[in-house]
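Everything on this sheet refers to the single structure shown next.
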Amino acid sequence: MLDKNGIAKRIAKEIKNGYYVNLGIGIPTLVANYIPAGIEVVLQSENGLLGMGPFPYEGEEDPDLINAGKQTVTYLKGSAVFDSAMSFGMIRAQKIDLTILGAMEVSEYGDIANWKIPGKMVKGMGGAMDLVASAKNIIVAMQQVNKAGESKLLPKCTLPITGLRCVKKIVTELGVYDIHHEGGFILRERAPGVTIEQIQNATAGTLIIPGEVPEMVID
Amino acid sequence: MINKVVKNADEAIHDIHDGAVLMLGGFGLCGIPENLIAALLRKGVKNLTCISNNAGVDDFGIGLLLKTRQVKKMISSYVGENDEFERQLLSGELDVELIPQGTLATRCMMAGYGIPFFPTPAGVGTEVALGKQIVHHKGKDYLIEEAFEADFALVKAWKGDTAGNLIYRSTARNFNPLMAMAGKITIAEVEILVEAGELDPDQIHTPGIYVHRIFQGEKYEKRIEQRTVRKRL
Amino acid sequence: MLDKNGIAKRIAKEIKNGYYVNLGIGIPTLVANYIPAGIEVVLQSENGLLGMGPFPYEGEEDPDLINAGKQTVTYLKGSAVFDSAMSFGMIRAQKIDLTILGAMEVSEYGDIANWKIPGKMVKGMGGAMDLVASAKNIIVAMQQVNKAGESKLLPKCTLPITGLRCVKKIVTELGVYDIHHEGGFILRERAPGVTIEQIQNATAGTLIIPGEVPEMVID
Amino acid sequence: MINKVVKNADEAIHDIHDGAVLMLGGFGLCGIPENLIAALLRKGVKNLTCISNNAGVDDFGIGLLLKTRQVKKMISSYVGENDEFERQLLSGELDVELIPQGTLATRCMMAGYGIPFFPTPAGVGTEVALGKQIVHHKGKDYLIEEAFEADFALVKAWKGDTAGNLIYRSTARNFNPLMAMAGKITIAEVEILVEAGELDPDQIHTPGIYVHRIFQGEKYEKRIEQRTVRKRL
């Protein structure tokens, strides 16, 4: 079974040289720590920054330079700043090669719910609906089972939807899944030490097992 | 060149009236019009509708106007980090309209570009789509969203000149240039006000035609919401 | 009767302090020469310049700094440059206070034709259709009679239309006219030495004469 | 940072094929991609569709490609000052679509912003409206215009860096940043190419994400179309 960093490490392997990548808050943010050497990637932050660098050294924080999580960050050589309309313009026009997001639920058709829980204070969707509606390649990073022990890979989302038929791939503590275009989670890899049975028990939606399923290699 | 300078924030907002629809620039607490918010507090105008990506925190930004109950309605994409906001929302004192961030930004921009509506895929199949026209175009569905109409846009820039030309600094740019284009009356506060002719025409983000009033703000706090750092090795 | 410079001079009196103005090619360009002292005006050139200055001194021409007529120009203190989409954005959003254009024909409803003559090589509308469709205040500067002696103030345009019901005021060699919202050219002023009869003969559309019509004062 | 540098104009256009749809930046002869046009001449690709505000003059700019009959169709707002153009148009060799300048600019921008269509009042009641959907909105009529789709955008900037970030100079900006956003493949030629990190992030007009290939052009002629001067007193 993978921990959060394990999930991030596995997702990092999906990043190809030359990609522009948008990372959501939570596990997706960790992915930046595991981008393989020799792979040149540019991180976009939807508040208006391309080429997001690491956190500043203590004492060098600039209140004018933050990321979409409102954290102080830095420039890299070649960074560019722009307004929020251009930022979502490049998202809508599919200039971002890969978008990595967290989720509360994903359906077997690739629908995603990640912004609102009925009965709880609603904080807003931020940029999530724009991202999922336009991104050509979305990987979801999530825990497969919620705190109540229920699967979050569902036949149909029960929470309010963020976007329809948009998720392409999911990486959880148990495995890697692609979405079948006619519905279903295609099991591509098992996390180290995890059995098909464990995965089946943690998947409420249709699980598709394409013959032999390899154990993932993350290091 | 036409001179847009006013004395201070109080003069700049003299005609903002109860019930006005305002746009306020900024993302989180980054690039917010601190002096103009303080002047709104002093003036005490009520029943404001605020179009702003966020709603500040309890003791800074738009949060200050929430505390004094000057805001009737917030139109935002994300309103976390604010207990008073939550209390007023749950008690029904405050009306909140949540819209996707890209849609919010683009509705401002389109107002500045004189384009009254536009299609976007954001929100299709979600509760954001309720009551909205859906158009199918080349194999994809889009919601039709309208340009905003705002009585006043309150923006914060880094540098400005007497002709109203503005330059923003780093990610404090965010919604500011979009709202500057969109306001019926646009008021800009700047950290540094210079004479017309001192800014490079190629570097101006907001041409002065969009700005009706400009002044140099004071005592910028520029509070950091999430101070994240790394250790020196 | 006015010459071109007289027409330009008369139009210059319509410009108020603090106006942003777009000047078309031809007589409108001359208006810049007659803006009264003490009146601060900013000229917009739709290729992406606010604060268009005079022609450069010989030897100081900059090929990168031109106006919409492709003429070399200069900056003023406070000029700003932007792309063509923002330029027409500010036109569409009615940030320009006054637009002064030439015309081949104007109808009594304020329709304008100024881009195409059937049978002649068509060069294109450039920005004219955008300007007339959006400007809140359009003054046309034109000769009232064409070379064949025919009036260009018509009941209805005969040439291909540039825009409908957009012209507010017309200044010609003979007079100043406002457009009546139900149709008709309201004669506001006569050019020096010009009679109502001369004007009537040169106006093919409905001419509305509101009592006494003063002779214009241009100096 | 991702490196977008190619050796020269010929390498930059190696995959531009017969029948391609191109956008070419510039207003008149100001800010045109001189080196890329020269490379298209050398390559001899034919049946091109060129989206460009103007069509150059007889012996410069796109006029050069007209002379060699490499252009099948021009999509422009104004095509004066070109005898060969006129000859080909009247003889039926060349197809021309004239569209209002603001509509042209906005159709480029919308492609870059992922907005597939938009309303504009320009052209309502004119022959430009023929065959187009007309929408009535809040008391005014609008034509529905579509975002452009172009295989390649060829743009000229003043400065660029190896990451593809671009800065334009003065009114040579014009359509260039809009087309840069709009091309499926965007190729930029610059007068000055610098290392990533040498440009101020706040001054970049076109972020590198939009630019696929960049190179430093040579021997810029930057011809002036209407040399207008005033005498020193």
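Quick notes on this one:
Letters A, B, C and D name the chains as they come in the text, with residue numbers starting at 1 for each one.
The rule we apply is simple: contacts are C-beta pairs under 8 Å (C-beta built on N, C-alpha and C of every residue); 3 or more make two chains touch, one makes a residue touch a chain.
Keep in mind that what you see is a predicted model, and the values were worked out from it rather than measured.
Looking at the partners of subunit A and subunit B together, the chains they share are D.
Among the other chains, the CA centroid farthest from that of subunit B is the one of C. Centroid to centroid, with C-alpha atoms defining each point, subunit A and subunit C lie 56 Å apart.
With each centre defined as the average position of its C-alpha atoms, the distance from subunit B to subunit D rounds to 33 Å. Inter-chain centre distance (subunit B to subunit C, centres taken as mean C-alpha positions): 36 Å.
For subunit D, the set of residues touching two or more other chains reads 106, 113, 115, 120, 169-170, 173, 201-202. Multi-chain contact residues, meaning those touching two or more other chains, occur in subunit A at positions 81-82, 85, 89, 91-92, 134. If touching chains are joined by edges, the resulting network of the protein chains shown has some other shape, matching none of path, cycle, star or complete graph.
According to the touch criterion at the top of this document, the contacting chain pairs are A-B, A-D, B-C, B-D, C-D.
Across the interface of their complex, subunit D is touched by residues 106, 113, 115-120, 137-138, 140, 142, 167-170, 173, 201-203 of subunit B. The part of subunit A that touches subunit D in the complex is made up of residues 18, 20, 40-42, 44, 50-51, 75-82, 85-86, 89-96, 134.
For subunit C in complex with subunit D, the residues that touch the partner chain are 45-49, 54-67, 69-73, 81-85, 87-89, 91-92, 111, 121-130, 133-134, 160-164. Taken in their complex, subunit D has these residues touching subunit A: 1-3, 111-115, 161-163, 165, 181, 195-197, 201-202, 204, 207-210. Those residues of subunit B whose C-beta lies close enough to touch subunit A in the complex are 27-31, 53, 76-80, 86, 89-90, 98, 100-106, 108-109, 120-128, 158, 169-178, 205, 222-232.
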